[in-house]
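A quick write-up on the structure given underneath.
Residue numbering begins at 1 within each chain, and the chains themselves are lettered A, B, C and D in the order written.
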Amino acid sequence: MEKIPTEESLKAQKSILDRLNRIEGQIRGIKSMIEKGTYCDDVINQIEASRSALGAVELILMESHLKNCITDQLKAGNDEEIESLFKMVKKLMR
Amino acid sequence: MEKIPTEESLKAQKSILDRLNRIEGQIRGIKSMIEKGTYCDDVINQIEASRSALGAVELILMESHLKNCITDQLKAGNDEEIESLFKMVKKLMR
Amino acid sequence: MEKIPTEESLKAQKSILDRLNRIEGQIRGIKSMIEKGTYCDDVINQIEASRSALGAVELILMESHLKNCITDQLKAGNDEEIESLFKMVKKLMR
Amino acid sequence: MEKIPTEESLKAQKSILDRLNRIEGQIRGIKSMIEKGTYCDDVINQIEASRSALGAVELILMESHLKNCITDQLKAGNDEEIESLFKMVKKLMR
């Protein structure tokens, strides 16, 4: 069953897409820095900024994943969902 | 209601305490390195090893937290538990 | 003074650009997952994969930064370079 | 040649030892939580706090390592020191 998107969920989706567009722009910026042979200090800082920005998107999705998907699945008795959550958290803790 | 510990849970507890004892020993070792003025490269590597060892304990507890506490709480309708899980994951992702 | 690129350095540059192109493709893939409303588990795993891939590029650049830029700058007496390296390492350790 | 410790370096050493003593106390606290069967949420948060505290000590040592050891070694022509720094940074970035 597909859920009908609410106005709020559409706004959240738009905000995530905006962030991802900015990150895509950052990656392109890093490519052109590498092509021009920019001093590595700046490139590393720029990569670190993109990783942070991706981390922020991940956090938004994680909040929604926990509060919606995981909660619903566990209540529906799909306990194996917690195993996939644990694998995900394990990767984050690496 | 207190749960009667199973043989398995006592073994798990013992294994975690063994790990924590080793970590406590590592911290004492780091203190004596600092007191002796040991070359910083070795001290940093030793601290990094203790942090990894703590991370391994954290992962064991996290697995049990997710598979027992979180699953039980959500099924009992305590949805606010997911908020505290999100805060925890947020810290790990920092 | 601009350094004349060696064959080896051109190969390294090409390999980094290839990696960044793949990452750019991954980001576009994540955007289309979000647009389609893909189940959040998969999206989070995909973001985590992109962050790892960026981390791998960062490591390649870091190695070159340390072995070339930092070494040269310190030998030339530019000790302030170590301050900017410390700031960078601090961000990585967050 | 052993360096004669300055008043400043003794103060720094004392501050690091104080931090390590607090961390050792935290580890003992975690052990007694585990022995008492404390709710895992609190234990995980406490472990995370100890890891952060160790990270803070690591950062202090890293600053001194970069500004003293690494700078001196590179100036003395011991270029292989940068290889061990890279290995250390690699571990931190994991």
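Everything below uses one rule, namely that contacts are C-beta pairs under 8 Å (C-beta built on N, C-alpha and C of every residue); 3 or more make two chains touch, one makes a residue touch a chain.
Since we're looking at a predicted model, the values are computed, not measured.
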Query raised in the report: Out of curiosity, which chains are bumping into both chain B and chain D?
Result: none
Report task. Provide the C-alpha centroid distance between chain A and chain D, rounded to the nearest whole angstrom. Result -> 31
Query raised in the report: So how far apart, in whole Å, are chain C and chain D when each is placed at the average of its C-alpha atoms?
Result: 26
Report task. Round to the nearest whole Å and give the separation of the Cα centres of chain A and chain C. Result -> 18
Query raised in the report: If you look at chain B, which of its residues touch at least two other chains?
Result: 55, 58, 62, 92
Requested in this report: With chains as vertices and touches as edges, which is it: line, ring, star, complete or other?
Outcome: ring
Report summary line: Counting only contacts in the complex, chain A reaches chain B at residues 55, 58-59, 62-63, 66-67, 70-71, 74-75, 79, 82-83, 85-86, 89-90, 92-93
Query raised in the report: chain B touches which residues of chain D in the complex?
Result: 5, 13, 16-17, 20-21, 23-24, 27-28, 30-31, 34-35, 37, 39-41, 43-45, 47-48, 50-51, 54-55, 57-58, 61-62, 64-65, 68-69, 84, 88, 91-92
